[in-house]
Amino acid sequence: MRRLAATLFSFSLFAGGAIAADQAPTQGANPMLKSEEIRAVAPALEKYAQQFLQGDLWKRAGLSPRDRSIVTLAALIARNQTVELPFYLGLALDNGVKPAEISEIITHLAFYTGWANAMNAIPAAKNVFNSRNIGADQLPPASGPQLPLDEAAEKQRATRVGEQFGQITPSLVQYTTDVLFRDLWLRPGLAPRDRSLVTVSALIAAGQVAQITYHLNRAMDNGLTREEAGEVVGHLAFYAGWPNAFSAAPVVKDVIEKRPR
Amino acid sequence: MRRLAATLFSFSLFAGGAIAADQAPTQGANPMLKSEEIRAVAPALEKYAQQFLQGDLWKRAGLSPRDRSIVTLAALIARNQTVELPFYLGLALDNGVKPAEISEIITHLAFYTGWANAMNAIPAAKNVFNSRNIGADQLPPASGPQLPLDEAAEKQRATRVGEQFGQITPSLVQYTTDVLFRDLWLRPGLAPRDRSLVTVSALIAAGQVAQITYHLNRAMDNGLTREEAGEVVGHLAFYAGWPNAFSAAPVVKDVIEKRPR
Amino acid sequence: MRRLAATLFSFSLFAGGAIAADQAPTQGANPMLKSEEIRAVAPALEKYAQQFLQGDLWKRAGLSPRDRSIVTLAALIARNQTVELPFYLGLALDNGVKPAEISEIITHLAFYTGWANAMNAIPAAKNVFNSRNIGADQLPPASGPQLPLDEAAEKQRATRVGEQFGQITPSLVQYTTDVLFRDLWLRPGLAPRDRSLVTVSALIAAGQVAQITYHLNRAMDNGLTREEAGEVVGHLAFYAGWPNAFSAAPVVKDVIEKRPR
């Protein structure tokens, strides 16, 4: 916790941050900007980061720093923004996201944001893991025991999607069942609520408005609260831009208002 | 064909792949990840690639390996994902896509995904062409004889778009006629059916749902089959993410159901 | 003006351009492609750039070269395309965009395209500023006097958004008021009309169709003309791809037709 506090209040780290000499970046894991580089172009940008990002946003109640880290990682990977990944991967570990969870987040996003997005996150994660001596023993296995499946709900989902699209794109329908809902979502290394948080964050960050309704309902079924959902939108305004936040807001409102209290 | 088989079954190549020493990458054409790098972060990601990508997706009937290569290149360029381009450019050549066709695909996507996306694909293509001794004699000329134009259909299209947008954005209307439909689409280096396949794949991969209807109809007029269209959606689920596939699916369904059998 | 003319007509510069030896790129500010590199892959791409981009688009009446530079920078930053940024930052300065305005454009886009997009533009801007001896004295201060605020209009906007989303995502509503409309938009370093031009260009370039109506109306309230709006769409067809232009066109048409003459 002391490390988290030190990180959150250290502006030079937050706005770009010197990388310690022993964390020499490897390919694909570029160091972030130094404060003086930002000031040499946009002094206001540094001020806003200090005042609103680390000075306010990350301290807001309603969404824990751990959840904010998960949301931020999902946004960066969904938007293929690798430059800031090393810093936010380190912050995620400081905020209590486990290495195994980071591994699962990257694997999950291969399916929900595109294979190359996940691959492009590997070098930064490898570098951060190396610098903290995180080895294979802390990673989830490629295969293993699964979480229990709600067969009735999954059958209902598969039937509905099959009726809609089974004649049009049988491969999509088949992979959705076999790979996503009977495999990926049952991996125990990331709690279903967190897996849903990753998914919803990636959808909002990539402007995938049409897919938010299903996954936000699933997220709230999995335990995400109304307040947390609203904070995710406000958090992503900074990390994915105001337009994505405002395009998501009406859908989030509609989902929340239609759910039974 | 032997080379294709060797490539498809060689997991280490497929999931990241060692680059042969004589293919030293140039600027903008970074080597892909090695298998041990992926395993150091996400062992499951490597398993899924082996099991579902090269073990299943690329072998499915309904869309040829050559077409899958075209779809994949369009998705990567549309999404500005250059890291995996060298591998997939090589695979495309192995799968029978000609150098001249790759040249046309990149030029075509300058217009359909943004100029910088095409420019960013140049270094990787140059490197792959160099490593295979593909010279200027195998590339299409900057200008030359054109495919025949269906003047009646083009006049109808131009009139419709002109009535819609001619008063609002005359430059868009004019360039669409002069550059796209009376020039780019008539270049003989890429068959109209393949040019349409590139266009539809780029639209789905970039989430440009509103533009799919026109171009999928054009693609099917140009010879793309129903089955192929459905396989394109399933293929792009992996390379552009499930949300893009599921946002495209209802539009693809609507187009297919409204076309005369 | 002589420098602008020289730049616009120098094809080798425009299509990729040799970087002068004294402009050695720093990290994140890669040099653009040389003409022979483009020709080694796609000879037609070079021809189209010469014929339609510098030969026609940038010379069209209806939108000044300065405005076209602002639109292009907004598109590149919104789409996180850093490779061509150094060239277009230099062209913007040649076209009369002031260093302080470039600084404000980058800061503005942190909020309207995502924080990392702005951060990723810093290295290229720093390099271009350095190479032209542009120092801190030419940059806007982090804080300072603000433009006057239309309190009635802002109160109306805040009330409307608060009623819509205040219960759902209070953080988004609060930051929108405090950071955007009572701070960022009042910074004097970029005229409101230009700030709106940046915003609308970024929205179109990133496919944020749902947010265009509000901001295009605001842009026209701030002085953007009908003709300029139409030229922005045509310009962005090249820099953000035809699909984004055609998805924006109906919205632009609707906004223009509904406004009082």
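For clarity, chains are labelled A, B and C in written order, and residue numbers in each chain start from 1.
In this text, contacts are C-beta pairs under 8 Å (C-beta built on N, C-alpha and C of every residue); 3 or more make two chains touch, one makes a residue touch a chain.
Values in this document were obtained by computation on a predicted structure and should not be read as measured data.
Colleague: Enter the angle, 0 to 180° in steps of 5, of the rotation superposing CA atoms of chain A on those of chain C.
Modeller: The superposition gives an angle of 120 degrees.
Colleague: If I list every residue number at the interface of chain A and chain B, are over half of them used by both copies, so same, or under half, so different?
Modeller: Different: when the shared numbers are divided by all numbers used, the fraction is under half.
Colleague: Please work out the Cα centroid separation of chain A and chain B, and write it as a whole number of Å.
Modeller: Those two chain centres are 28 Å apart.
Colleague: Counting only residues that touch at least 2 other chains, which ones in chain B make the list?
Modeller: Within chain B, the residues that touch at least two other chains are 80, 207.
Colleague: Contact residues on chain B for chain C in the complex?
Modeller: Per the touch definition, chain B meets chain C at residues 27-28, 80, 102-104, 106-107, 110-123, 125-126, 129-130, 136, 139-143, 164-165, 168-172, 174-176, 179-180, 184, 187, 202-203, 206-208, 210-211.
Colleague: Touching chain B in the complex: which residues of chain C?
Modeller: So the residues of chain C touching chain B come out as 16, 30, 32-33, 37-49, 52-53, 57, 60, 62, 75-76, 79-81, 83-84, 205, 207, 209, 226, 229-231, 233-235, 237-247, 249-250, 252-253, 256.
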